[in-house]
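Letters are used for the chains, namely A, B, C and D, taken in the order the chains are written, and counting of residues starts over at 1 for each.
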């Protein structure tokens, strides 16, 4: 899923100044799962804004709602009126949702309440970890199912740098596992170590972000 | 979830006219607030009697009352009369709320024991009105009956397991005793209807049961020993269980040999350790030329045979050292040095031994993670089954229908382990002899439209009550497992979960 | 391995079968040529080539190619370090052509320290390729006269194109984890085109010898010139820092005790003791089969290099 | 925003509510609004903030002692929610002391009174 974290309250609060009617709009999919922008967070943030307004003597009308996904047009139908009534929408969706909201409601100010982080997994309750960099040319077969592009701090494709120590990455030994230690251990357990002796050529990055903004067109699926 | 239209009533227990005076009742009556329907005000005598309850039941059905505020009576323990009324009048327990009316008159004025001052009346009215509000916002709960399978699975081959099985057999159950060479592979279902997958001598099979007793003994020996050897470099250490054999191998020298026994290395141990230590010490001390030093933070001899054993050991010359905090163990080629601070005298003590035996029960080490993962039963900080929580003692667990006894929960003293086995069997009997569980359908409810199946509730529930409904792709709470704590509702990031008796609407309405 | 690839002094020292010595020169954090001149003066004549670091520890300094060119003017032979952190394959290949055109003959490929350690932690890193791919790139440019995309190196006129003639270096860390991968990684670097290897600084001689044993088992010492990295210990504090705070470095307690013992008597004598340790290490390294030279990383201690080399009896440097 | 000169005390019915039961001090009772929760783990940050929005002077959550929660980890969860609420209040520029967590057993009536008294004192200092 796409993971995100809420922006600091100060930043959000500054962003919404000057508007009289704000809709805090949550997203019910990825950012609900990673506890950043679901209905609960919408309620908390709306309350916090109201409390701040009370303290600062600011008049502002705060509405709340959450839709299934902010990355699909159809889900906006239920909140169309609310969005149109609002001066600005504080979207608690990932960057995709915020932009797509802007596209659906041209001329409406859509403000981001979250910082979108990465494609990741829930390791345990409250802990999320990056797994994929969306490079557009999956190399997991080569590396025993562990992606060096996403999980090595330097995206090295030919083995660990000198900063791998006790299975940890020197960039942040507390929190980052050395991807190459993981790859080595996995390939060893799969009895595939000889595969790691092959020199990987330079990667074609054009399939991902470096090839320009991505677009997929499935001719067989287009109407 | 919107509240239904069932009427809410108020009943004052007047205990044969002793609680309220006429004018007080009148005063109360006029001040009660009902948002809809006719004002319902019922007073009744002696509600904790069968007759009182029966008459209340009749009035309620006549007036169509399904939810009740009960006020009065400080005579009984809080909630006792309410649950009696709930049972007799067939009200779901969540649908009856109690308001205590404290004694208003100072003690000594016996003639008017409950004469109420205006201030008190106000507070009682406020309490009753608040509870009317809560009940009017609450749905009326139905109940369902869940049959309890009469099978019992007892995991373990030791004395605790055997004791449990014996008790169960004696009470007419046919427990499945899963002994050492057998294995519990998985446990599905919930209290009343577990399905266990077992690997036995006869292959893999499935067994249904209504309850489970985990009495699998002490499983951390290997981990504990690894922990000891990784911490202390001395070559002359053995687990306490192997000390006698190892001491016998020591070549005798004229100046004599000394042997150390260490208890309570990380945590204080129980009677089983005391017994083993004293017995081993006594045995070794009797051997020619062996001097035994027994190190412990505290020795537990709270039973006559243990007391005698301890006295015997001391009489024979075993030196017992009570130490404070941590004991340090270091070693050279020839000896093991045991150093500590004497708990009584406060001075440092150092004893050089030829050999030392470490009791592994007091060593913090990896626990029975496999059984914990299969059953969902929490481990405590030492890796023992059963979380470290007073509400679970002695034999309960965080999973309804699963009980623990003996070594796996840390008690390895045979007489006590057996006692726990019997107690766990008693708990199982108490549960299963009901034949069916009456379950109020007030469990946590999941709004399927909102649920993102993020699994937060499943991870957060302490009782494993939340499951995945795979057909509908939604989380769901199992009513007979759900303890109505609302932790899931507190955690759900989609606000898809509500605890029907405590919805946000109900809570916020009380705030005014 | 018979034909000369770059004609660099370092290459020739190896070709002559001599025990090679390289030192290190960190470019200044400013545009002052004098800094380079001063450091160069200390190193001149005391080693066969000098590494010019490339924004080491991700701290902005004068570019390694520019500093290397200046050092060359002072009479040193530079080994230009290029990291993969700051440049993509276009910039790197362009720099290789440029460096070669300026007469710089040795280039050493590195992954590069992560920017997290430096003074621009908020920057975006590149890592378009890794150090092994960079080695391959250099080898392809030199030996096949093609760029990494397969295109030939061409001269726009009808003249014969001039490919970069470089002696290709790589780094190796015998102390990183996973230890078993370290030799695999060396083998990959050799396969990719490394002509010589400089290792991370060595204090744990036993572990280094173990690594060298693995290197010899694969016959890698015959395919590549391995230079053992050394950093003299200046003080007890530095030794402890290296032991405790630098990932992958284990400084034996015996060294720290030796320095501490001297420090008790005379603080000023600690440096000399550090140099003695370093010299002992050099002698021990020279006895290890497959060690073809040393790489002396005397951090901000360029002025003591001559003393170390004298004590190690490695002067004068061979004229080849 | 209307202000209510009361602390809303959300009580776990297994501990806090029983601790509050025998309290007869009218001054204390009139200064709080006792709310029953099945477990302090039911506490949501949203509920805490909404309570403050209603104008309450403060919110107190009373749960079982941390390691002896009736529902195993309810008190732990509640204490995290309370910490988050405090952080949020600080970010807003409000007194984080307006939210407080207490871990009480069912017999801790005197501690209940003490906690309420202390909270009022700290609220008064913060606003003075």
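The rule we apply is simple: contacts are C-beta pairs under 8 Å (C-beta built on N, C-alpha and C of every residue); 3 or more make two chains touch, one makes a residue touch a chain.
All figures in this text were calculated on a predicted structure; none of them were measured in a lab.
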item	value
If a chain touches chain C and chain D alike, it appears here	A
Comparison of A-B and A-C (more C-beta pairs in contact)	A-C
Chain at the geometric heart of the assembly (C-alpha centres)	A
Cα-centroid distance, chain A relative to chain B, in whole angstrom	41
Between chain B and chain C, centroid-to-centroid distance (C-alpha), Å	64
Intercentroid distance (Cα basis), chain D paired with chain B, Å	26
Of all residues in chain B, the ones touching two or more other chains	460
Contacts with two or more other chains, residues of chain D listed in rising order	44, 46, 50
Overlap residues in chain C, where contacts from two or more other chains coincide	none
Each pair of chains that touches, named by its two labels	A-B, A-C, A-D, B-D
Chain C partner contacts - residues on chain A that touch it in the complex	153-167, 170-173, 178, 180-181, 184-185, 193, 196-197, 199-203, 205
Residue ranges of chain A touching chain B (in the complex, touch as defined)	28-29, 32-33, 35, 38-41, 43, 66, 122, 124-125
Complex contacts: residues of chain B adjacent to chain D	78, 100, 102, 119, 123, 378, 387-391, 398, 460, 462-463, 483-487, 489-491, 499, 501-502, 504, 507-508, 510-512
Footprint of chain A on chain C - complex, ascending	84-85, 89, 111-114, 116, 125, 127-133, 136-137, 148, 171, 173, 175-178, 180-181, 184-185, 187-188, 191-192, 200, 247-248
Sites on chain D touched by chain B in the complex	4, 8, 18, 21, 24, 26, 29, 33, 35, 37-39, 41-44, 46-47, 50-51, 54, 56, 67-74, 77-78, 81
